[in-house]
């Protein structure tokens, strides 16, 4: 009962292979235009890849390899897609929108409306049941769209940025709902939010430029990011280079002292990863217990929660506003980023 | 009377009692008022019979009969169209001529262009409409032109007399060549100006029984009515001549 | 731009905003001017007709048995033809707008042809096809059905001339609506037929409505093909336009008066049936 | 549902997915069946016509001077009328679809009327309006313009009968398209005229195209109103349908052959001009 | 040169008054369906309020008070709206989309294309210039829409959730861009993200149920939130009640010890606010230096950054995953939330 996919769509420079176990939820992360929505479109049957093959349990969704041309239409696939826009049917009431999937699956009208009411209540949108989609706010529409997708009870649920447009109350509420719903379900969820990936998914994949660049248990991907994107997502600093006996020499020539992970062989390509909170900022080149001290020029300062994030030399440091004010930090200044060796992890790339 | 009916043309079963029948008459549109009168006379004279009238242009009627329309009687406004049917052996015997018609000048009330003779129609600035040579009234017009030695420069060559009459009665044209009967029907909407050359082109109306008719008895009876005194009276009241 | 309070009924800056409608609808004023010209162009001839009517003769004329029979026949056949147009035309429009296959453009061009054929020729073509001597006539006759010169012939003739109207206006609407809602419906598990019934058709309802109204109107006014293919038998095939045509042989003004009945019927049908259709989601992010 | 490799050309589960188009277009198979029936209904009579043509006489007939003159006149007047329809009809459609004012429904119903008027009556109404004795005739004549029996009369008659086609199909398309892009354009500072030119019209281009094609086709086939209002003089007012009608007086088969020319012209014009129009954004979040 | 607005739209239960100084940027915060988009729609001229008046500098945008019926159409208002959906014109290329505003303002074609190229480059979307909007991903479209709004150079810029759908690289990039662009410009920006409000706006207003419930400098609103919504946004705990001499008695009867702010008069309605990081969790009722200790039942645990946020009794606490594991926290458990008095602020409501 696994789901396997393998598809290429040349026009979008897309080529991805993916396997999902039963009841597994995968988070898809990646920059804008990476091909995340394309991936869901191909699985849902809205896009026809140039080649590849997908099997969901017993069912071959498509097989376009070696001259074969099997392609199941969307409605027979048992996948439900929450697209990036809510796209509620404008001519139906909110309730009818949510009941659409159950109705299409053959439920009786009464039964489908019951299901629809249930899911509307779940997303706290029961009060809008009789409205037209045109009379909803952006966030309300998004919630109804989620209810509509969940109401279909699919074999594979495809969610494209379900949390977009939601307010700070609705987002955690839906996150909890999805956590419950996805617990025993196979799903693929696209998100730009690390929290969604951590909470909802068993596994994360990072798509960049149409290809999977990273894959693994969500925590592992976020804690030991190998790609710049995953590192950025986790808020981590990431330096690529060559592994040495004492740590890593960056591509820019920086010597980083750290304890390489097991399996890191000197001479191999590797990455050094450390949190911005592990970085201290000094005005002069201090000499103390920390082994790493790099002179960098500040490019940018921005608030980050109740801290200030200092961007410099491609790295970032989180410090308190008070410390920032004391040091008189401004973009253009040269400062020293100091990191303790124990705070840096080095992995093979 | 014959008891057979033509399939598909009966209005309903209830109007055809036993021993009666329906006769379907295809007639030129210009015969509408006269044939409607004659038909009701026929129905009155033969209780239980029903006359179904189908009016259209003569060439339309010919097409329809050629394509197997369920007609019993066909009355055309000219001999040319009827000849097509006799050539195709679609009618019984030779058609009988039951009416004639001649051309007359029609002018709007008040006669704005002061037309008084056929030659006046050729005066510059006079807007004359005639029938196109392809239609009976048009070929009659050509004949008259030759007889009168006058060449008309019409502003329009219409495809039917009705259209000529329409142009004149609306005042759009200063004069038109139409049939005497048309002028009569139009009442005071137009004024008729007879001209001597008109008898050079006498249009004859033939009537005949359709070969595929299933009520030939009734058809013959109807034709007899048309060509008989009763029909003749109705026709001459409308301005038709006697052949 | 000085802050001036303009009276509600006069828009100041060239765009009208309706009082009760809180949404944006900006129509430039010159559009109104041209629209007025267009409307006048249609309305003036109608007014001219009304002016000419001899009202004393009007009532007896329109209540005469032949007129009423013809009107009844016209309404019945036009309704039947419109249904037939919808049954055949909606699938045609769908196929033209949504599927793609070789020869599609040619098919579209051919489907439009009854529009250009002079109706009389259309009637002849129908005779050639369904007439006793026609392409299908013999097989049909063997089946015991006689089409030509029957009321069904009227319906066929009207459908033939009116079908393209429905197809073309519906195809335009389908293309304008796009396919994204249909795709969403499919991902929710709806079979193509369900998608069609519950999404595609409701979404293009304005287009379908105008198509049906156009077809109905065209059927109501159909003359040439009916005369040729169905003949002009009172109560069977003589629809109101044919009655008007015959009337014109004797009295053009009476014909005009009679066509006012047609006009009145059409205004009533169109005015009543053509509900202000719901537009697609017209919110601009804000509504 | 067993995993079976279906050959490319056969869709297995009732929905067709085009090979080259990667987007979703699901048309149920029974729609194809009905569409085929609809297409046959239109194509058969055309085929019947083609079958009847005496090809030996065909070439001389269609290359005769009168046929060619009539064809040329038809094309020129239809083109002019279509332009006039667009000029008057687009504003009318906009006003009907976008503005809202009292009497709008009535206006819509009236604009549709030329559709139901038997063309001959339409011609009479035009005579009553623009004729010498007509409502406007005298003032027009004073202005030194002579409409009756001129080519402009043909254009007027064609425009009168064809205008509703454009208005109705465009209005449907405008309603289907909705107003949200127009609203966005306005918030970006575009005046209503700019919105119209750069947003509204391009968005409903499929609808406008079908409307224009419909109008053109209707103009090309227009017969009754032209005959009544403009007359029939070779080279001036005798368009191809009038020529065909006359031809028919002497030889019905020749008339049918001649109308094949009309058919061919229409297929060419429609096939060429009717580009596969761009649909609205058909991405469903995924494209 | 101020902007003043005062508008009511009964159908949406909307009634808001607002004033903006020149070059002031205001952030609008609030739950889904609060009326934020409605506010922008009214200002932009897409919605007609039932009554009210708005003046932008010299120009009266609308005046529907006391029988007057002055209503400027959208294009003459000098406002540009980035709506909640990108709504790129589907029939134009991306470049033409962005050039649309400048063109409409009367710029020459060449000039408008130049402007468009500039703004496309600013949002890092220059490479999509020749594409159709249908060929963009969700985030790419959002960026182009931002460029299109910025390119009009309006007197008042209205942005409805500009950061939605953006990836973790694009969001900070656009935040920096907007910071620069909005520096000398009057703008109203709707956001669900506290960071946007902090970084981009001088002032924040909170809209709830169609009414402004809070207003003030962004930091002040977030640091001293008066409404539940603002408190939730800032991640703060918020307890409403009556101010006492020693702190606040909550509506639920809880006695909170704290040092009331200046101006808080005992007996007055007030709120107590404290950060989740200030809350410690104990299994038993410890007695130590912290003055506040409340028995609460855990409703939910969720990851929050690299911490665990414990929700209990309407309050929340942030603790380390290790601590959470040590204590064996699960929903349903009763624990004690302990807060030092100095970590709690009490304000008049």
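A, B, C, D and E are the chain letters, set down in written order, and residue numbers restart from 1 in every chain.
Note that a contact is a pair of C-beta atoms (placed from the backbone, for glycine too) under 8 Å apart; a residue touches a chain by one contact, two chains touch by 3 or more.
Keep in mind it's a predicted model, so treat the numbers as computed, not measured.
Undergrad: Supply the minimal count of touching-chain steps required to go from chain B to chain C.
TA: So the least number of steps between the two chains is 1.
Undergrad: When all chain pairs are ranked by how many C-beta pairs they have in contact, which pair ranks first?
TA: C-D
Undergrad: Nearest whole angstrom, what separates the Cα centre of chain B from the Cα centre of chain E?
TA: 86
Undergrad: If you average the CA atoms of chain C and of chain D, how many Å lie between those two points?
TA: The answer is 13 Å.
Undergrad: Averaging only over C-alpha atoms, locate the centres of chain A and chain C and give their separation in whole Å.
TA: 53
Undergrad: So which stretches of chain B touch two or more other chains?
TA: Correct list: 63, 66, 166, 170.
Undergrad: Identify all positions of chain D at which a residue touches two or more other chains, and write them in rising order.
TA: Only 14-15, 21, 23-24, 26, 124, 128, 134, 180-181, 183-184, 186-187, 191-192, 195, 203, 245, 248, 252, 280-287 qualify.
Undergrad: Of all the residues in chain E, which ones touch at least 2 other chains?
TA: Touching at least two other chains: 37-38, 44-46, 73-75, 81, 83-85, 87, 138, 160.
Undergrad: What's the complete list of touching chain pairs for this entry?
TA: Pairs of chains that touch one another: A-C, A-D, A-E, B-C, B-D, C-D, C-E, D-E.
Undergrad: Chain C touches which residues of chain A in the complex?
TA: 44-46, 73-75, 78-81, 83, 87, 89-92, 100-101, 103-105, 133-135, 138, 148-149, 152, 154, 158
Undergrad: Give every residue of chain B touching chain D within the complex, in rising order.
TA: Of all residues in chain B, those touching chain D are 59, 62-63, 66, 127, 129, 132, 134-135, 154-159, 163, 166-167, 170-173.
Undergrad: If we count contacts the way the header does, which residues on chain C are in touch with chain B in the complex?
TA: 120, 124, 127-128, 131-134, 137, 146, 148-150, 227-228, 231-236, 245-246, 248-253
Undergrad: Under the touch definition given earlier, write down the residues of chain B that touch chain C in their complex.
TA: For chain B paired with chain C, touching residues are 7-9, 11, 24, 26, 29-30, 32-33, 52-56, 60, 63-64, 66-70, 162, 165-166, 169-170, 185-186, 189.
Undergrad: State the interface residues of chain C toward chain A in the complex, per the touch definition above.
TA: Residue positions touching the partner: 180-181, 183-192, 194-195, 198-199, 202-203, 205, 278, 280-283, 285, 287.
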